[in-house]
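Okay, so subunit A shows up in both of these, paired with subunit B first and subunit C after.
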Partner chain A sequence: MAITQSIRLVLVMAFMALGTIAFCQDHDHHDHDGHDHGTLQSEDHSGHDHSSHGDNSHSACGGHHGDGDYDPKATAMHHISDANVYTILDAIRIPLPCLVYSKDGGWDFFMSSKLGPGHHDDGHYAYNGYVMHLGNLKRVVEEGFPMQGKVEVGGFSTEYISKEGKEIEQAKVCHNNKPYLLEAKTTLDGGLLGGGITNFYDFSITKNVLSMILVSILLFVILRRAAKSYTTRQGQAPKGIQSLLEPVIVYIRDEVAKPFIGDKKYLKYMPFLLSVFFFILGLNLWGQVPFLGSANVTGNLTVTMVVAIIVFLISNFNGNKHYWQHIFWMPGVPLFVKPLLAIIEIMSLFIKPLTLMLRLAGNITAGHIAILSFVGLIFIFGDSGRSMSGGVIGSILSVALTLFMMSIELIVAFIQAYVFTLLSASYIGAAIEEHEHH
Partner chain B sequence: MTGTLAAIGAGLAVIGAGIGIGQIGGKSVEAIARQPEASGDIRGAMILMAAFVEGAALIAILLSIFIQ
Partner chain C sequence: MIHFFLFAPFQPTPGLAIWSVIIFLLFWFIFGKLAFKPIIEALNTREDDIQNALDEAKRAKEEMSSLKSENEALLQKAREERTAMLNEAKETKNAIIAEARDKAKADANKIMADAKVEIENQKKAALAEVKGQVGAIAIDIAEKVLKKELKGNTEQTDLVNKLVAEINQN
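And now, the complex of A and B:
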């Protein structure tokens, strides 16, 4: 018994060490072989001393992103964000269709392989003024850049400038030794997340959209098979996928729908609750699979916002007169309290979907960031691939912590899907509840 | 400076939520020990309450991310 255990331990240690060597070599390789498009250097030290990406981006036409020191924050942000290319292990890049619209350039449709994404998902080419920076489409806004056709571009550089007390990221692309300012796609956050209306709109099928489509198809196939077996195997004990899903569906029905919505009306909302549950669960688990792109779909505020808005609409459109009476003119309290309560109730009406959206996105994103930080320990301890012994210690720590975090995240994936369904059911239940008294 | 303050704020929010969720967990374990036959209902209520407390903490954390 003891012998098999020690053999197992040795195997695990060997695996970790191999992993470290692979990581270190990979990083060394990128450090030393010098990207041919990132070699434009000059000794100009003016301006941006705040560059995020490495020590060689002091030049006017910056060094290539990814060379130099490891930046945990930028790496984590890059890995949790959406992308226009589906990258698996920084090796396999599945091109995705890009559909973009700009006021001066009109509609454009192309595959993202046209931009030649390479290391760190930075593109090597510009097409009609669009380039790929860290996996995302960006558009050149400065004069003088060839806005038609395909041209080769050099490296990218990122600066942080201070504007109205906020640090704003400004990316630039290099073409013929000259930096050109880039703008990210239009977002509707109103500046809250540093976005806003820019000069182009991105309607592409991105990594998140592709993940959603794939998971939806997968769920359809699985649930269809389970549903079919109720007719083909009528009266018999459940078998296979059916026996896996039946307890889950029965649990949602008996523990979520019935107590919160009520025995009489729950059936009407079951399809919605089950769809939300399996959609969120499927996407949570899809993002958990290692080396499969780690798409952060349910950790994306836009995705959770849409689901939360659907819950908001369903609960309010089904709200009966008691529900609205309790919001605008609470019965059974003194008159001077009624307007106060109305204000609070109207606020809570909007806070409910807001917390629904933030809770899911926050939990999933936090899990992804924690795992990425633990993986980043390898590079921090290993001094960006320069220290072998540090890398070994870092990866022993990293493997242990990452495994721990991933098992926690597996539980979180189920709990968050359950909590979202539970809260949706309770909001719907509160809206359609019948009151006998008052 | 704003970033540091935001980080401290996020930490304070997490302390508050930690105390809250700890109370919920502790009390519901006590309740289940007293009345094991009601464990299903207590667990449901526990997760619901924990989700509300967590929601408040997450709003604080995300605001602190946006502010910096």
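And now, the complex of A and C:
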């Protein structure tokens, strides 16, 4: 028994080491890959005071530079962001369909392979004014760029500049030795998180969308098989996948649905709660499988927001008279307290889904960042590939820490899926609860 | 304008939002219909079945035990009845014996009494006969005595009379 366990441990360690080394490969192309794409000189990701950078952007284009030093922040950001190409280990690039809309250009549909994504998921071509920078579609906003058809582009530069006290990302693309300003896709944060409404909308099947589809199909195959075995193996003890899933489903039913929603009404909400649980759990785990692109789907606020809003809608559309009475005109308290409580209750109405979506996205993104940071230790210790011994020490440290972190993240994947389901059930339960008092 | 930080994964993007809504709603609909509903129904049915089977077993057990206690009660009753019957028989026997004994005693007493009366009667008859015979004998003797001696001897005749009276008195 002990021997089997130690063999298993060694295998896990080896697997982790392999994963870490594979991650290293991702960022180890500095020397030989530089000629692939010209990079703008202003490759500065750090500070806020960049007033001088605006001037030298013209002279920057065409200069051949290496990728420079390893930037943990930019790397982590690149890996946890959504992308228009599904890249595995910077080697396998699965092109994804792009569906974009811009006011001046109308609808465009093309595969992301048309943009020729290469190292760091930077594209080599522009199509109808769209380019790929760090895996994401961007569109040229400056005059003079050929906005029709496919053209070759040089390289990219990313600046983080301070504008009216905000830090904004400013990317540029090189074409015919001339830099052109790029804009990212439209986001709905109103500039709070560095986004905003730009000159195009991206409705593509992105990495996250593809992950959702794949996980859904995978889960469907598993769950459908389990569901079928209840009819084919009727009257027999559960077996295989059936007995793997059964405790989970029974747990959600007995520990989440029944206590929070009640014995009478829980059945109606069981499919929803189980959908929430398996959808989130599946995507949490999908993002943690090494060599599968580490898609950060449930760490993306958009995805968690959608699920949280659906929970919000379900609970409030099913809310009974007592629920709304407790929100707007709390019974059993002095009159002057009632309006105050109403304000607090209405606030909590919206804070509930807000915390729901932030908790899940924050936890999962934090896990991804932690793992990427630990992997990044290799490059920090190795001085971006210049120090062999540092790289070795960093690798050893990194494997241990990454192994630890991935174990934690495995637990987090289950806990967060469970917590999301539990809180959804409690919000729905609070809305439909029958009150006998007052 | 407040600005927190530049953080791409937390920027809500309309494209991803639309796809997420579509995929999640489809997930909910398809999985609910084809996976979760049948599983939950099967689980609930099975649990009900198990509960029913357990209840059934419990009831059967209770029935068995009640049957057993009923049997025991019947047996007890039968035993009591037997004892009662035995006692009754014993009493009847004793009564019959006592009655018989009493009757026998009474019969014996009657026979004895009858016998006594008979004996008394016989005795009386015998005594009377003896008295008669003794009187006759005495008269004979007296006759003979008188024949010989009673010649004007009145005293002797008185004496004889006296004697005869005495005998009669006895």
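Everything below uses one rule, namely that the second predicted complex is superposed on the first by the 380 of 438 C-alpha atoms of A that agree within 3 Å, B and C clash if a C-alpha of one lies under 4 Å from a C-alpha of the other, contacts with A are read in each partner's own complex, and residues count from 1 in each chain.
Here is the rule we go by: contacts are C-beta pairs under 8 Å (C-beta built on N, C-alpha and C of every residue); 3 or more make two chains touch, one makes a residue touch a chain.
Predicted model, so just to flag it, every value in this text is computed and none were measured.
Contacts of A:Leu423 after superposition on the shared chain: subunit B is touched, whereas subunit C is not. Contacts of A:Glu255 after superposition: subunit B is touched, whereas subunit C is not reached. A count of residues in subunit A touched by subunit B and by subunit C gives the higher number to C. In the superposition on chain A, A:Ser113 contacts neither subunit B nor subunit C.
By the touch criterion defined above, A:Met77 lies against subunit C but remains apart from subunit B after alignment on the C-alpha atoms of chain A. When the two structures are aligned on the shared chain, A:Asn363 is found in touch with subunit B, with no touch to subunit C. In the superposed model, A:Ile415 makes contact with subunit B only, not with subunit C. After overlaying the two complexes on the shared chain, residue contacts for A:Val307 are found with subunit C alone; subunit B is out of touch. Judged by the touch definition given at the top, the superposed model places A:Asn316 against neither subunit B nor subunit C. Legend: residue contacts after superposition of the two complexes on their common chain; A:Asp202 is shown touching subunit C, with no touch to subunit B.
Overlap of the subunit B and subunit C interfaces on subunit A: residues 165, 167, 192-193.
Residues of subunit B that touch subunit A in their complex: 2, 40, 44, 47-48, 51-52, 54-56, 58-59, 61-62, 66, 68. Subunit A contributes residues 165, 167, 192-193, 255, 259, 354-355, 358-359, 362-363, 366, 415, 418-419, 422-423, 426 to its touches with subunit B in the complex.
On the side of subunit C, the complex with subunit A involves touching residues 1-21, 23-28, 30-40, 42-43. Per the touch definition, subunit A reaches subunit C in the complex via residues 77, 80-82, 99, 160, 164-169, 185-189, 191-195, 201-206, 208-209, 212-213, 216, 219-220, 223-224, 226-227, 230-231, 234, 245-246, 249-250, 253, 267, 270-272, 274-275, 278-279, 296, 299-303, 305-307, 310, 361, 365.
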